[in-house]
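What follows is a set of structures to go through.
Two complexes follow with chain A in common, the first pairing it with chain B and the second with chain C.
Coming up: the complex of A and B.
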């Protein structure tokens, strides 16, 4: 997947689809608040692998924010005020409109993708080839 | 004796007549109640206050509240949310901005819907 992105064939877009309740909601909000300070992907990665983040607590998120060198006061205000609630809700509505019924869900150029990684890669290459053919023809 | 019998019959008739008169009184009362109800209906039709049960008033008061709440909800759904400007940077050697990794003109968009938990 990384190779497809590095090579410029594909761009990858992550969208929140909250289906597991308040912990998911909090993680999404914390990530968006980190995004205000340019650390969206750092928090994204942390919520996948970092134990502090995966405690899904306010304390864990603040510790992570400090480690990333963020303005903790601004970050705290952002998560306490739920400043990105509407943004996340919009994504939620878009997910349903796109036909997502659970996670993970992949769409490739707007079309529902296969569930397996190999299938996704194959579909990406097919989509890229189709675009090239359109541009060439 | 004949006079006595005639007198008895006369008294009996008077008693029967009085009894009939007593029974007519409730009928007159019922007529009065109907008149009062009709007057109440007329007052209500004319918009005058009527001695209606008090429980009707809250029901009438709830309807406008529902009407008010509906137009309040609609603008919330139509509100345009102003999102903060996305910060463009680099993540793992790739151009990045909020939610997006890779070049904006890449021919293929992989959209992932995920939940961190």
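Coming up: the complex of A and C.
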């Protein structure tokens, strides 16, 4: 899938769809707060593989923020005030509206994608072709 | 009759001034020009509208972005939770949970 993005055929957007409760909610919140300081993807990746992040604790998130060179005071204020709560809630509502019933759920140009990677790749190429045809004709 | 008209005009003018200062509230502080107040208000309303519209499209709300300089996405432009060429014809959205 990365190849599709690197080649310029597709862009990729990650949206939070919280199904595992408050720890997931916290992780989403921390990622959004890191995003305020340009470190959204660092936190995204950390929450997938880094043990400190995967403790899903405030201390772990703060340690990560320090390591990433973020303004920790700003980051702390952001998570403590739940500054992105509404944004995450909105993603949640949009996920349901888009038909997501579990994770991960992929949409390709607004259409529910196949469950397999091969299926997704094929759909992306089809969607790109459809756009090309639309623009051409 | 003429005096009455002058008085009425003066009173009307004072009324307009009071109204402009009163309804402007804090926006009128430092500048009583209603034109400026209206511009400031319009700017603020436009800004709020932009924020609200942005909120409907989670991926477009962020202003933080740049180019990713690590990992397998290195070299890709990003804006918050969206990565890749903004002009790419296909948008892949993933709904997911970190756990």
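Basically, the second predicted complex is superposed on the first by the 137 of 137 C-alpha atoms of A that agree within 3 Å, B and C clash if a C-alpha of one lies under 4 Å from a C-alpha of the other, contacts with A are read in each partner's own complex, and residues count from 1 in each chain.
Simple rule for what comes next: a residue touches a chain if its C-beta (ideal position, glycine included) is under 8 Å from a C-beta of that chain, and two chains touch if they have at least 3 such contacts.
Only a predicted model underlies this, so the values are computations on that prediction, with no experimental measurement involved.
On the shared subunit chain A, the superposed partners chain B and chain C overlap sterically. Of the two partner chains placed by superposition, chain B and chain C are both touched by A:104. By the touch criterion stated above, A:95 is placed in contact with chain B and with chain C alike. Touching of chain A by both chain B and chain C, each in its own complex, is seen for residues 1-2, 4-6, 8-20, 23-24, 27-28, 31, 35-38, 40-42, 47-48, 56, 86-87, 90, 95, 98, 100, 103-110, 113, 120, 124, 127-128, 131-132. Per the touch definition, chain A reaches chain B in the complex via residues 1-2, 4-6, 8-21, 23-24, 27-28, 31-32, 35-38, 40-42, 47-48, 54, 56, 86-87, 90, 95, 98, 100, 103-110, 113, 120, 124, 127-128, 131-132.
Considering their complex, residues 79, 81, 83-84, 86-87, 89, 91-94, 96-104, 106-117 of chain B touch chain A. In the complex of the two chains, the chain A residues touching chain C come out as 1-2, 4-6, 8-20, 23-24, 27-28, 31, 35-38, 40-42, 44-45, 47-48, 56, 86-87, 90-91, 94-95, 98, 100, 103-110, 113, 120, 124, 127-128, 131-132. Residues 55-56, 58-59, 61-62, 64-66, 68, 70-73, 75-76, 78, 80-99 of chain C touch chain A in their complex.
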